[in-house]
């Protein structure tokens, strides 16, 4: 059809999405391309080579980067999951808890981590950890990540929840679902797009964090950003590009698998 | 579509009234302990005397705030006048963050909308597609972006080759580059919350609007946007607020020629200056500003919503 | 099933306010166990609000609600053995039709398989078996309503609240569902509290009817009682079609009142308590109790001119302007005999009325 | 208003499929300008789908739709001079009632003030003026429906699509709105396409009625035509109550058919085309065309036993088991005269029928 | 046996060397990294003390840390290899008598020029602060107050911690003017911007400049006649070191010529130990970046100013960045 008469769709939006995707992915093409660069610099092309992939597994820093990747992912997954759970509970209390005095302060507390500049939070957290005798290490990173991931998980969940009428819970409770069951069987699935969005945001925020991590991490515990930021001072080396490309491939593979799994499940 | 047009799904819903304190408990504990308490430390620090090269001396003073608001000249002994430097830095940051937010909204909203109107099975795929690039570290993405945008970079080459431009576009080290960088850093923070809202939108509402002669654009503005406002607000907060304090994109893409709030504050802790109370004070001023903005906004929301 | 009449739901002096708007004003109702109870009233009179209070979604501003003798104000909805067919269906959009119907059973502890089995039976009942796998959004309005019905019936509650459960169904299906519902109600002994705006439906199905208006109870009684002895003008006017005529009472003798209406027409009808000579009251007479004729009868007979004949399938409605002003409607059944009595618009005609057909109303 | 009959909406061989489910199968309909046109049919037969295609929300899988002669398949909804009252209301939740009603006018270019003024008038019309400032969520179901109606009427479209616009209203209000709608339709000359499941409503209000079933058009005609001359069994059964009896035709003479039904009862009725001697067809007779009596009449008279009398306000339905098996329902008007004819359940009775009352149906 | 916690620059020590240390001493090493001296100081002052045994700050930071009381004193005779320290690094201004530190690596900070873009004389700070028209807008500065202000003072011929109001005012004005010619402040991509051709002049460390030259031969490191900045990173012994013995062992290890030469070969900077020549990559000796020409001015460390003076420099920096 030449004219788009469907009220649901907007003609320019597909194009905009493609532009959006292009902007998002264009730098990654650079990353991928230069991961195969024989030269040391990302700005000069030295021919094709897999040396940086070899370097990732056997180079002098391979152990460090591998450990950093493990740390980063385990922290991101645990922190995003915990933060999403906490945020979901909080959103339920705030959107479905009626009106009460603690509502606004709670909302303020939840959004506090994004309002305080990271460096301040970093220094403050470090001072605070020290004053209460927390030893820095993996756990301190994890706890800090959980805390600052909460608002990123919270806001999409809250936004979604506000769009869900409470009639659905009422119907569920009318059918003998306890409040918990009504939540699990009705509200939770309906909130799913918000929860997934919140989780993904929390996940990438955790995966990307440098400043706070750099302050609160214990000696010798590295995450990918802290490992990578160090390398950059010497000029971004293609081995970082190779690691990034591998991460990208990993995520693409995971998404593809989950897509087909869900498809297969749907047609069952 | 199941359910009537508008049955009770109001914000004042209280299904989980009894459990609300329990549900909030984890966030109170985690945030109270690991964010609120440290922030309190900073509030206190902002009223303490700076120790040379970082740290504080436990003597209360308003020096940090004085430094923020009063200009005493290069040598600190002129008559105090209103300090414009920091106000300008704040204003610049707000301006940049604001433009970045608008840009994200202009591109992010259509993207979110488009994704939300995909068939059931493919929506999740699109959502992942939006976040996959963020598995690559921000620094690397930003450096790569910089590489793309360079005067002699691939983008200019391509545009020159197809003859769209005659001279390379000078983007790097401009404000546009900063906005682009911020936009690129935070795009999913705009797209995902909006997507989550639109996904639940009842499209019969759009049909009703179209039926009443609203053009598609008007429908978008008068019907869809108000209905998915919570998502838009969430997205704007998630882009605007972190953009305010961002420093990587401004530094790498914008050339760092002018301080942004983020770099200014960072400098107080990690730079030569080592003036913690001032860094804390600037943060608290930023924090109160954002809080006030949000409160004004929330107030307006409430007023708009309470019209009976 | 019980010998003594047990009260299933007892609403005592219940008041409901939304802000400063009072939706229910001191309602008291006792709904008997095993009863088919209908709430009838104009749009916005508070029927849904009352149901929601019984189900537990709306708190009672003042007063109390008792379920089989127990105060349930503080009982959460899921602990009330009460199911609801919601006016706007409230089907779970993410579940299939079958899952929707099976939900309540699962919540009551049935295994998923058992729940699906019984849900399938309920879908048979509402003739939607072939749609079991669809999502609610893929159903027509009437189909959604039937799913809502099946979902509420499935867990066999003690009290079933039905908020206009048949309003989106066509006559044929509605009739069938009426019979089916009545059947289910009789067989299971479930107490039904039924909201409808269809008087015929209410009259056909109910054991008792409560007529409400503007948050107040107007009359409570058996269908026939309400239809034939409306307690006040509101009920007379609301239940079925009626002609309401302003009358002045001239004389009362032997339980008979002699009155006249505007235009000087004389009428005789049964006197009722509270009507005294000289009072200006209303007289209610059903259109079907009037007989159209080209001749005056011995008894009450009013002269007028036919203005319009409206064809309504089983019947024909004739509007007349009586001499001297008042308008009146007569309903004649659409049979050969009835059709013979019809008079062309513009022609004069008589409206004849038996004395027992009319009823005086005090307010 | 026009001398020639113009076709407002012309649906030509329209087919609609959802995946592999066919919701509409080659429907062709011409809806005349200024006409009050009703779509009638069982739940799920495709009424809403057809309206949505005319409004432009659903594309036509095959075939075409013409509005005043122009193909409108590619015309976006907001350019079609067509308004809709949605079955689920689709009120804008963030706007007040007044803003909802004024929306269409504003979109057509009225100033906000003018729009509000006219919206206020429309609210008067649907008796909701006092709710102008409320949000839709604060209204009852029926009130919401009236807002939807006011909203669609406000911009005075050329064609108004009404999807069960009165289903949530009580009888009283529905009657009033019916008259009001008919009035508006006559005065404005707007073409109404009306979906209802209320046969009485359809018969009272429509110029023409299209009866649909399972995505197919069954009959198109004036109300009386459809009620009294149903083209097939589906229509006969669907429109109003009817007794459908299986009959065998024994003899046809002078346009009269002599037949017998199960149990040996003899009957005489008008012959119709396509019925031949020896054929086994159906006979349809409306309950109100039957007369209950304790004596057989000269003409058709069937003997049976009363099983139940059901009180339905204006009338009383009597179910009988005829001798030899068939069941039949008789409807007697609830008047003194009618009540005198009633027979207690369990007693024998005769069902008398004029020859013209019954109709033979070929399929 | 034992443990050692090092607080170190990013990417500045070959991993093999640490493995060798562990193999030799049985001490397991944990390394934590920082990206600037100031960040390290902040982290230590915010509570990092007591976590680390040794750190590797740059010259001026050594004296700052000593002044802050963060450094432990190495007793005489404690270090077996103290004698290996090259005489010119044995008594530096930032740590007289090497009471707290041993030399690690040294180098210079100046700027590099892409000689394809500019064929004039490059050995002058004018290229940064008073550039010819053709270079205007093609200059990258390090985003670092210390280096930029030190270089600017050298350009103007004023002492680094000047207290002369006129000099300071002039410095401020000069920088304001110079900034109009600068494209960017960037440390993270100081090398990339030169290699990619985004800028023609860029402040840079000597080692980075050498690496940039490998990618783009026309990149030439400048030794301005006015002078340039030199720096030396040193291993310091921290107060409250949890493993003080291990720290001493590490320092001794790093004073072995073979070991410190491994760092130089890796990082391409100079070292401060005698007898390392035989282990050094011969190329290092001939690097143009580490062999100043005759004309080169004097190299000077970044000075440590007193609090009041520092406040003025901070203000100048803030003015510059606004």
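Per-chain residue numbering starts at 1, and chain names A, B, C, D and E are given in the order in which the chains are listed.
The rule we apply is simple: a contact is a pair of C-beta atoms (placed from the backbone, for glycine too) under 8 Å apart; a residue touches a chain by one contact, two chains touch by 3 or more.
Every value quoted in this text rests on a predicted model; they were computed, and no experiment measured them.
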{"item": "Neighbouring chains common to subunit A and subunit E, by label", "value": "B"}
{"item": "Between B-E and A-B, the pair joined by more C-beta contacts", "value": "A-B"}
{"item": "Approximate Å spacing (C-alpha centroids) for the pair subunit C, subunit D", "value": "21"}
{"item": "Euclidean distance of C-alpha centroids - subunit A vs subunit C, Å", "value": "57"}
{"item": "Interchain centroid distance [CA atoms averaged], subunit C/subunit E, Å", "value": "91"}
{"item": "Multi-chain contact residues (two or more partners), subunit C", "value": "87-88, 90-93"}
{"item": "Touching two or more other chains - residues of subunit E", "value": "39, 42, 46, 188-189, 192, 196"}
{"item": "Residues of subunit A touching at least two other chains", "value": "7, 42-43, 123, 127, 131, 167-168, 170, 173, 179, 182, 190, 229, 232, 236"}
{"item": "Residue ranges of subunit E in contact with subunit A within the complex", "value": "5, 7, 9-11, 14-16, 30-35, 39, 42-43, 46-48, 51-52, 187-189, 191-192, 195-196, 208, 211-212, 214-216"}
{"item": "Residues of subunit B touching subunit A in the complex", "value": "3, 7-21, 23-24, 26-28, 30-32, 34-39, 41-42, 45, 107-108, 110-111, 113-115, 117, 120-121, 123-125, 127-141, 143-145, 147-148, 154-155, 183-184, 187-189, 191-197, 199-201, 203, 206-207, 209-210, 216, 219-220, 227-228, 230-231, 233-235, 237-238, 241-242, 245, 261-262, 265-266, 269-270, 276, 279-280, 283, 286-287, 290-291, 294, 298"}
{"item": "In the complex with subunit D, residue positions of subunit C that touch it", "value": "18, 40-44, 47-48, 87-88, 138-143, 145-146, 163-164, 167-175, 197-200, 203-204, 223-224, 227, 237-241, 286, 288-289, 291, 310-315, 331, 333-336, 354, 356-357"}
{"item": "Partner subunit E, residues of subunit A touching it in the complex", "value": "39-44, 60-61, 63-64, 123, 126-127, 129-131, 136, 214-215, 217-220, 222, 226, 229-236"}
{"item": "List of subunit D residues in touch with subunit B within their complex", "value": "55-57, 76-78, 82-84, 86, 88-94, 96, 103-104, 107-108, 133-138, 141, 144, 151-152, 155"}
